[in-house]
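Think of it as A, B, C, D and E in the order they're written, each chain with its own count starting at 1.
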């Protein structure tokens, strides 16, 4: 509870600074409307069916994308993290692929995937896989060998060691990777909606329309705030899971 | 008696960036089925390394370990280990009970597993802590969880690395008797590394005395004490006292012979030189400081 | 003798999701400057918790610890601890020497630090391992590094939690004598938690016997043995043997009295009930299995 | 050595497969690797000898982009690690700042471009801001996680010996968190290449990203693919350099290779 | 085609009015003024009258639209001529029988492509633009072409000018904080910038050599045109009606507020371009020529084969 009030205080502080900044004559209110203006616009939007449909489209795509990224990256990370040969063999390819920006892939992706939601979900997954993958691999590197040895000595097979020792022990850090990936997914989804259009609606499309039509910054920021809130909600959910599933790590780590 | 476990010409050298370190020089011994062998030897001589090679976690650089007549290449079946670093060998995300159940998953159903775990935890006096997590336990309790886990597994070969180091004297006695009882009941072969000479005599059917680093066998003493041992009467017996003195003497004498002693000598000399050099460096630095400040 | 350390009405209860656990019931004692007090008590009774409260790592839920007459709120100055979980208390990214030097950075220059570390490592017989990393050492060697670190720090108050648990008998003797020597030279006040009754008698100026969980003081025995102690003659003396028996008796007797015993009884009953229920559950499940398969 | 062969054999194999596939498909969107290599050659490596055979394009577009990339990543690393360690060690600070950071993290940079434009007037500054804002998060979050997960016994040891704040942070928290921080740095490094391209969507007339996007719009697919390959090469090289540092920084780790599958080896 | 039910009818331009082959059309659109006519035609039911159901799909410029066309994700798309020609010249759509142009969409008029500066700028005439930085929306596109052509016509060497890419919505801010010296804008941003910061026109980029230059239109693939001649014809007819009606301000203004999210005031101020009702090869060829001049096309390019002449109107 106290954590929540503190968090709200933090956000409130940010809003106050934004409000002051927006109200000061430093920047024209047109480009940076203060939260009071954006808030009114936002409240209006929340009653707007079309806007809500956009939001729902984005949230659904987000959930799918996060699920897919984790589903792909965690097992892959377990394999790459535990079989050095595979890791070395794929390193060149992986390091080559990672820096390729989604933006550059858009036309090719459209060609292959079409303009539907598959496009943005694929691009989001492409971007979000990396933090999970790397966090999984690094967590495995930090795995206490004695835990593995203990399991091996009691006749535990490789696969089970992977899933009942390596995975739980790296779970805290993997979950951090998933939290990172969740917001990465959101950012890419909205950006692709924003840059590629199509993609079956979504928050990004709303922002693009608001921007490219006539530069309605109040609408843009309202949409952005909603993106932030979605990100916060997803992150909070994952943090809850983290607190429940891996309570042990915070105690063994943070006891002081 | 055919050998259950046999260690032949075993040697192990750890490779490190700054030169290799030979932990085990040359070890050969055998252990019969149902035997309890205690291993004693100075700190850092290579006892834990020996257990690691027997359990197949480390491939020895020389020689061979055979179990039931088969060379140990991977981790053999039917083996349990209580590690010296017990606290790190417990899974922090599992409760005490789940930790004990962990190795049983492969072979037993849910309820059988729970019963075994409950039984083993009762043996080591931790029934009431079964729901706690390892970090909520004291050091000695953690060690007992590790012991319970190994016992619940009912291995054919049980390796224990200083298993009672962190428990109080009274509990230690109880655990020693527990080990003897379990061993007798299930005909388990046991190898116990211990620093407590009394314990080695009390527990062992045989005592293996190792030399200082790198380890080699100094003596392999049979313990001829009557079978149902008792903490009070056995420890008071003359045979016990005599053996205890013998082991203590061997451990001191065993601190080096021949080649090994020569090598240790060299090591010590170089170490002494390092300490000497450090000291010289310090005086120099201090002299400089003094010169600078005056 | 004025008290250097005084513990008054100390109590500590750990909070957990599934109920609280009282580790220390009510402890009061004082330690004079330069005194060496040994603390013995059954496993899990709260000794480590006691050391944590004295070192200011844990704020006790009840009572007070005062050091030099000041209440301990944070971690006091001039204090060193050898943790029971020594292997975790070493920094894996520092070499042995750097580990020993680490706490000296605040107060000493580079060369003085190096000299101190070299000296302390020589004391514990690890001169030649000074360049190694903790994971390259055996358990006993790691423990000796932790001891060396604490000694090199030259604290006014030294707290040691089963500091010699992982070293062999011979090394243990040497380290005991080392501790006595260092204590005498630097007039250090020392609190040693140990499970070895002989050790407590040999080392201590006083022995504090604690009851089983939750801890309370069962006895506070002065050790009246001649000052320069000797591993052989002291241990053979009648006074030594008598005291040892006394401590052993107290530890057994101390396993509960009055209220505490009643509470333990209740605990044990509920634990027994759990084990019983588990067993019943198992028979039920097995019966079902049989029914299903037939 | 074998690792080297392993790695490049797989890579070369994939390139060959790609060549064959594109040759069969004969799709203008997917030119053959040989064609791409040719484009790359004319774009970047056909310059005069006194410029090390680098073309003007390299000096006009590649180097400025690289500069911004490294600067952005460096700034993000600095902010991410220091802020992350601070937040990781202070539960209260994390409670205050956590939701706000999550909120900021979820904001898509393209939506903020107008705001950045206002706050950071000049082009490079704005691009830097975009890169920093985008790549900060993996470093920050992983640093928080790393700092938080310092083993309790180690923090107690430091507390007991009254290790001064600076030594505690530099000598205990950072080394303990280092593996996690490096995971973040590695993710971020590649991400900064991505954001370099994104940042060149607006307000530039030079840069790899802007070139790539122009090629894309002009349907000059070999050039566009050459750009993608260049990003891949840069990513690989930068990553390799970072790995060298990482190996050095984490050399204390016992046998980095000892993972579940290799216990017996 | 497998799914198109290949009728193999001769498609020599004017297909006889008949049943449309495909009733549901996915149409790529941008949320800009240029496509007002489509929205008019939808609103007034012109597509419905022809038996067509148009599903607008938001796209982002030609680079995204043409792959969409190629893989059949879009049936018809709006796009600027430069993109269509460049794509055709690079033979990007060779797998689907090239690109076909079916309707003209938008054509420049004076006051529509303006290079603006801030009110306090030292740039007073086109000549002052020499050596300055100008914001344009996309490199190598109609904006750059017309800007270069008109600069040259005003004796300014286009090579001396630095172009920087900014999306239209961001140009006003870039002008105001002097990130750029001038900005190439279109409506409604021109009106907005004039109203909000008092931006001043320096040069009309749709004048002189570029007077009335065609901007954008509607295209499809050769394959689609061949397989669905009636559909294309129907589309052409319906859109032509929309184009015609789009010239009428009162019809268009409320639509702008709706689909382009322009506020009412701005909507009432914007200058519209021309909405041509015929597709004319000579006119479009001007764009191709400009592209050749400024190096966007390597060879001469004939636009005529790309056109699918309208029928029945």
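In this section, a contact is a pair of C-beta atoms (placed from the backbone, for glycine too) under 8 Å apart; a residue touches a chain by one contact, two chains touch by 3 or more.
A quick note: this is a predicted structure, and the numbers were derived from the prediction, not measured.
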Given subunit C and subunit E, the chains that contact each of them: D
Two chains sharing the most C-beta contacts: A-D
Where subunit A and subunit D are represented by their mean Cα positions, the distance between them in whole Å: 17
Distance from the mean Cα position of subunit E to that of subunit A, given in whole angstrom: 36
Whole-Å gap separating subunit B and subunit C, where each centre is the average of the chain's CA atoms: 22
Geometric centre distance via CA averages, subunit D-subunit B, whole Å: 47
Residue list for subunit D, restricted to those that touch at least two other chains: 29, 114, 117-118, 151-152, 156, 159, 201, 216, 253-254, 263-264
Residues within subunit B bordering two or more other chains: 57, 75, 85, 88, 135
Sites on subunit A at which at least two other chains make contact: 31, 107-108, 111, 149, 152, 165, 195, 211, 215, 249, 251-252, 255-256
In the complex with subunit A, residue positions of subunit B that touch it: 55, 57, 75, 77-81, 83, 85, 88-89, 91-93, 102-103, 105-106, 133, 135, 149, 153
Footprint of subunit E on subunit A - complex, ascending: 28, 30-31, 106-108, 110-112, 114-116, 195-198, 205, 208-216, 219
Subunit D contact footprint on subunit A (complex, rising order): 2-3, 6-11, 13-14, 27, 31-32, 81-85, 88-93, 95-104, 107-108, 111, 127, 130-131, 134-135, 137-143, 145, 148-149, 152, 158, 161-162, 165-166, 172-173, 176, 179-180, 183-184, 186-188, 190-191, 194-195, 204, 207, 211, 215, 217, 220, 223-224, 227-232, 235-236, 249-256
Touching residues on subunit D, where the partner in the complex is subunit A: 3, 6-11, 14, 29-30, 91-92, 95-100, 102-112, 114-115, 117-118, 134, 137-138, 141-142, 145, 148-152, 155-156, 159, 179-180, 182-183, 186-187, 190-191, 193-195, 197-198, 201, 209, 212-213, 216, 224, 227-228, 231-236, 239-240, 253-264
Of all residues in subunit C, those that touch subunit B in their complex: 14, 16, 18, 21, 40-48, 84-85, 87-88, 109-112, 114-115, 118-119, 121-122, 127-128, 130-132, 136-141, 144, 161-162, 165-172, 195-197, 248, 251-252, 255, 267-268, 270-272, 274-275, 278-279, 281-282, 284-286, 289
